[in-house]
């Protein structure tokens, strides 16, 4: 496991490019293992690109970076297996049923496919919805399947892109609950959001991004189980 | 860099001019082909540049780009330049080939093994150029094009053998079409050699120019990158 | 590698089983091309039988490109591609998996088309061994080339038009060798079939090897 | 002078000339753009 002192995420003036455009123009970020960080900011500020950089899906064009002891951009490939990314589109196969989707991903990650059933039960995908192809489920239900995937894979880094967007009340509570549970279980969570009132209470750190850099950083409302919280 | 370009340019124009003068006026016509043989100072040289030089270079640069230690965008640009110039030469090889074929076989196009495989390779590298135009991240595009160039190069022998076997069964290459390069000697041989040198230099000049265009375009974009970074940050501060 | 290959092949075939695209779209297209060829060449049986080898392989070629478009569509773009890249599968395994899935569809397609050609074009095959061998080898060659160029062509909107332009010139030798092998299997006793099978073997081996070696960097893009 | 030979030479040299000329123009434009970027 990572030694407790080294931060789970360490970025120094990180730049990421989309073609010729610098979506990330010098990001500095430090996050500890097991902490929850919420990233606020306008559309186009670079929030999603930050998540994809942390997932090792976007090459670090310049600057320094290390996530979960994998240095970027060199060890991006090794980093990916420890990362769970959940965006607006859940990134699974519409023709397959939820359980089949999960079993495929679990087998690919060398995990026991049996985990899929209780993960789906945990997020409330049971009975008829469990046997209808993913394509025919609603956005909320698809998001739940995405969450079930994260639960089953238990990645060390959870990257959530606007997890609360377009969800009903119970599903939103489920998102917050599962995120808290994951962080308590030692996972590091980074979530972007447009709903500060929902996001801040569940976060140790809240940063705002604009113009491809981190503009402000403040502590969030979550009392870390370590009992400290520097009330700025 | 500019100086080498101009020297190469002058040299290639001079050599090609010399080749044309010798080829058209100084060298004697052939015994059985008559004046038509003058195309021999054009067609084989074009074909040599197109098939071996251009696509050999493209494949080599592609491998060098893909090889991690020697990876650099310059090889990608070199490979692309070689393909673009190569496609022009392949077009001319086909045109001069069919012009030469018209009086000898009476048709503009024959399914002669060499012409067919040249045409197929031409289409193959048109696919490369089509792939190159797909908007993508420079590194991603470079990687895709390098792999496409290697595929095409690997396909050359397969295409060659399948077309040659296919063609010989079809209508017997040796019987119908006289060997395109008749046995020649003396001044004609020297001119032929000159034609190879002239067109190789011309090829080198064109590839270098095309490469320089890409370099300048790229360096233009690097300059823009630093300005883009400042603009991006300013955009943040403003909002 | 093989573990991932089986996994990917299973996924692709399961998606095909659910969506039945190959069965209800690619197969009719293949049979349709046979009919169109017949309409083009006219009903005279002698002519059709004589050109049957070429027509069969043209139908197989175009259908293989269609099937490959479908197979690449499964990879999806954006979120789905991201989530698969997060799984850390062995690229060579992914490549072989996709080829195996496409191969299953192609062999079934070739079987149906073979029946179609024999029936519709009154073809009497003497040495089935050469023909079946050619069909299988060519299918491997076609599938490997199609999967490779499918991932090379990249995003969906470009791929529809780019894939045929890229892959058809490359698989021309398969068309040539296939047709010659087919006519060798129809003409009694002419032993030149082996040469064409040789080309098909070389093609299949070369493109499988390149796929295993180069699919990694390809997927990175 | 045989018509075919003439055609062959004219087409080849014409195309090569035109392509070379287009390269020269593109090079000139690119280098001008390159210089303008750096200087501005």
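Letters A, B, C and D name the chains as they come in the text, with residue numbers starting at 1 for each one.
By definition in this document, a contact is a pair of C-beta atoms (placed from the backbone, for glycine too) under 8 Å apart; a residue touches a chain by one contact, two chains touch by 3 or more.
Keep in mind it's a predicted model, so treat the numbers as computed, not measured.
**Student:** Taking contacts as defined above, which has more of them, B-D or A-C?
**Tutor:** Higher contact count goes to B-D.
**Student:** Could you put a whole-Å number on the gap between the CA centroids of chain A and chain D?
**Tutor:** 53
**Student:** Measuring from the mean C-alpha position of chain B to the mean C-alpha position of chain D, what distance in angstrom results?
**Tutor:** Taking the mean C-alpha position of each chain, the two centres sit 15 Å apart.
**Student:** Counting only Cα atoms for the centres, state how far chain A is from chain C in Å.
**Tutor:** Chain centres of chain A and chain C, defined by C-alpha means, are spaced 40 Å apart.
**Student:** Provide the list of chain A residues touching at least two other chains, using ranges where the numbers run on.
**Tutor:** none
**Student:** Touching at least two other chains at once: which residues of chain B meet that condition?
**Tutor:** Residue numbers touching two or more other chains: 136-137, 139, 224.
**Student:** Give me the residue numbers in chain D that touch at least two other chains, ranges are fine.
**Tutor:** none
**Student:** Which of the chains are touching one another, listed as pairs?
**Tutor:** A-B, A-C, B-C, B-D
**Student:** Residue numbers of chain A touching chain B in their complex, please.
**Tutor:** That would be residues 15, 17-22, 25-26, 42, 45, 59, 209-213, 215 of chain A.
**Student:** Mind pulling up the chain A residues that touch chain C in the complex?
**Tutor:** Residues 52, 55, 57, 77-78, 80-81, 83-85, 87-93, 95-96, 100, 104-105, 107-109, 133.
**Student:** So in the complex, which bits of chain D are touching chain B?
**Tutor:** Against chain B, chain D makes touches at 1-2, 4-5, 7-9, 11-13, 15-16, 19-20, 23-24, 26-27, 30-31, 33-34, 37-38.
**Student:** Applying the document's contact rule, which stretches of chain C touch chain A when the two form their complex?
**Tutor:** These residues of chain C touch chain A: 4, 7, 10-11, 14-15, 18-19, 74, 76, 78-89.
**Student:** Flag every residue of chain B that touches chain A in the complex, lowest number first.
**Tutor:** My answer: residues 135-139, 221, 224-225, 228-229, 232-239.
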